[in-house]
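Next up: some structures, all given as structure tokens.
You will see chain A twice below: alongside chain B first, and alongside chain C after that.
Here is the complex of A and B:
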């Protein structure tokens, strides 16, 4: 992770049991390197490489999230925003909620 | 670029509905979600005024949303229901003991009386001790069979008219697939019904039958409902997991697949010539059963006699096993 003011600050949150793959930590404030244009798809790989603690197959399937994980950007369904193509903005909150747990 | 709500209310949409593809804002989503559940209740005649209803409560997302929505609809549409929470403590350390805390929270939040019944007091066995005996294969069979009966017993203790469970559209579509794969025509016919009742057994209903899991989770999130979200520590070996993964893959390709499978299941009918299992009462415990002795009693006997495979899988295998035990006993007698 690069530091400095020129990076892209975003907040990443996990819920519904998805946090179990991230050391049970629900909220992560991160600064993404400013060397590229960040899309949600790129962020998924960045999360896998930098935040994920275990069993990546429970988070990613191919180049998107595993079916059953909901993604919200600033409390809006990513399916309204172009999913992986959405371009991250400074200060965005990206929330991943698993629907697969419990019962 | 924000997307506008399909209902033309002028607000920004927050969710794309999997069932219809509509983009809805928060308020229109709440309205659609709640009204659809009301329609399921109304069209299926799930309740009568004055009914006492036990909500099968696990502390998970489905039963938490069910309790919240039933309370809300009961007030909004004057159903005249008396609502209770009924929880089963299977005795799974690190799972049910934690989730029961959530149920107690529901009891306080929704002001509903709560009854907790444990496998230990009903059967003399906890799931922890069953798994210690039989290993991690087939344990979900025990848990499922025991829970079904435990809910019935709890309902009898509470004196309710009906048990409402949080089965959602995804659960029902999974069950349809599983019953097709197993060739279980009797269950295939029953599993899509929003309400089931029979002589001697309590009425059960599924108000969330047409409600997608995605929407239940979104509703709980936006309403800030607190639920317990840990996978059962024994679950990963369950057959249902495969049906679930398959269904989620289908949903990704075509979101209406879930509701389509339910509709297909509803339209399947067995020919009149197909022999269906008769429903009668267990000769040991008196609960409804399709056999002389019900599955719960057979499983329990297996546990108590140190033959836990009794009642699981093919009966021919069990007979072989029993013969082997008898042969050994005979030898010892010599």
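Here is the complex of A and C:
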């Protein structure tokens, strides 16, 4: 992980049980390397390679999140923003929420 | 003695019930009805909400004339039923196929210890009738399915999804879309909850989740655990959204999802996508025109019970009886690995077992721990016997598979114990709690 000031600072959050794949840590403040234009799709792979602690199949399926996980940028569904093509902005909060089914 | 007392109490309760009904009927005869359709007793009972401009007399009459179907009388359904009944919803239907179990009581507060073993819907109906006799309760002791869902739903204005499994959630969604009913959907696990309203001026469940999650990604309350007050919070909010729909108020939680995190006491409201024009059930070119087989669609049963898996060959498993013999004779030195969570291990454990939680088993530290034990044994025996134990005998099979891959050695014999610690408790250790 790059720690320079020229990187892209974003906040990555997990909830609904998705945090269990990330050492039970719900909030991660990260600085993405400044060497490329960051899209959500690139971020997914970056998370897999840098934050994910176990069982990648419970997070990704192919090149997107597995069914049952919602992706939200600043509390809005990524479907409203072009999904994986969305270009990350400085300070964005990206939330991955695993949907619950219990009752 | 115990049986006789139970019988006697049941008879007394029945008698009490009859007398209460008689009294209620007598009082009903004396009631004074106002021209707008509420009795003086109802006006008094609901006065504290009638005083609110959004409700007033007209709203209370709407509430009285409304009907709500609650599917699932669990941690969500109990509080929603309670508050809808309190508010004076005229007719509440409750669907559940299950009987009350002792492990329900910490969160399903319509039920008492006396209700254990009786149908949930009957116990719920009895409690609510006592709470508010103006409410008509219709119990449905059945498993909602593709063959009966539309028939049940058509009698109601609004449906509450208080279920505990993915297949029933898709079934309810499709049934509500086909019959044009709003669906107030709640779910919860551990300290968290989620709430939204589908098929009401916005997307349906399928618009947001066109593909069901793989069964191995879904955690139920029986495995993950759930806090009563957390699931209850969501159940109460479901009742509130239903009332807002009845009152035709703006601000209903449609196209939004409420995320409740009880560990931090945060409510987060997220903006969802609109209705999907290509949705298979509510889109412009729908491909689903009638209810389908939802268990097949989801690859999972329409309940939250754990199925009995059969992954290992017979010679890779040992029965609790055989293990018990080995355990007692002490003639077979072995390693016993208990793959339940530390929380479960704390509830009860077999002497000399090593706790390596299933979710951790492939982590380096855990494998090293097991390997050290195996090496220790190997110095004394040519063949090392390893037994794996879990709660019911499902995780233990998967754990054996993983360990076999790691210890690829014919001298390390890894087997699981069929039926897990539950079978052990039932057959050999009645002092162990079953959870």
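Convention: the second predicted complex is superposed on the first by the 99 of 103 C-alpha atoms of A that agree within 3 Å, B and C clash if a C-alpha of one lies under 4 Å from a C-alpha of the other, contacts with A are read in each partner's own complex, and residues count from 1 in each chain.
Please note the rule applied: contacts are C-beta pairs under 8 Å (C-beta built on N, C-alpha and C of every residue); 3 or more make two chains touch, one makes a residue touch a chain.
Small disclaimer: the values here were computed from a predicted structure and weren't measured.
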Room on chain A for both chain B and chain C (clash or fit): clash
Contacts of A:68 with chain B and chain C, given as first, second, both or neither: both
Partner chain(s) touched by A:79 [first = chain B, second = chain C, both, neither]: both
Which of chain B and chain C A:97 touches, first, second, both or neither: both
First, second, both or neither for A:15, with chain B first and chain C second: both
First, second, both or neither for A:58, with chain B first and chain C second: second
Superposition clash, chain C versus chain B, among 24-32, 96-104, 330-338 or 348-356: 96-104
Shared chain A contacts, counted only where both chain B and chain C touch the same residue: 15-17, 20, 66-68, 70, 72, 75-77, 79-80, 97-103
In the complex, chain C residues that touch chain A: 72, 74-77, 161-166, 169, 186-190, 192-194, 208-209, 211-214, 217-221, 224, 226, 231, 257, 259, 261, 268-273, 304, 359, 362-363
Residue ranges of chain A in contact with chain B within the complex: 15-17, 20, 66-68, 70, 72, 75-77, 79-81, 97-103
Sites on chain A touched by chain C in the complex: 15-17, 20, 54, 58, 66-68, 70, 72, 75-77, 79-80, 95, 97-103
Of chain B, residues touching chain A in the complex: 2-3, 12-16, 23, 58-62, 99, 213-214, 216-218, 221-222, 227-232, 244-245, 248-249, 251-252
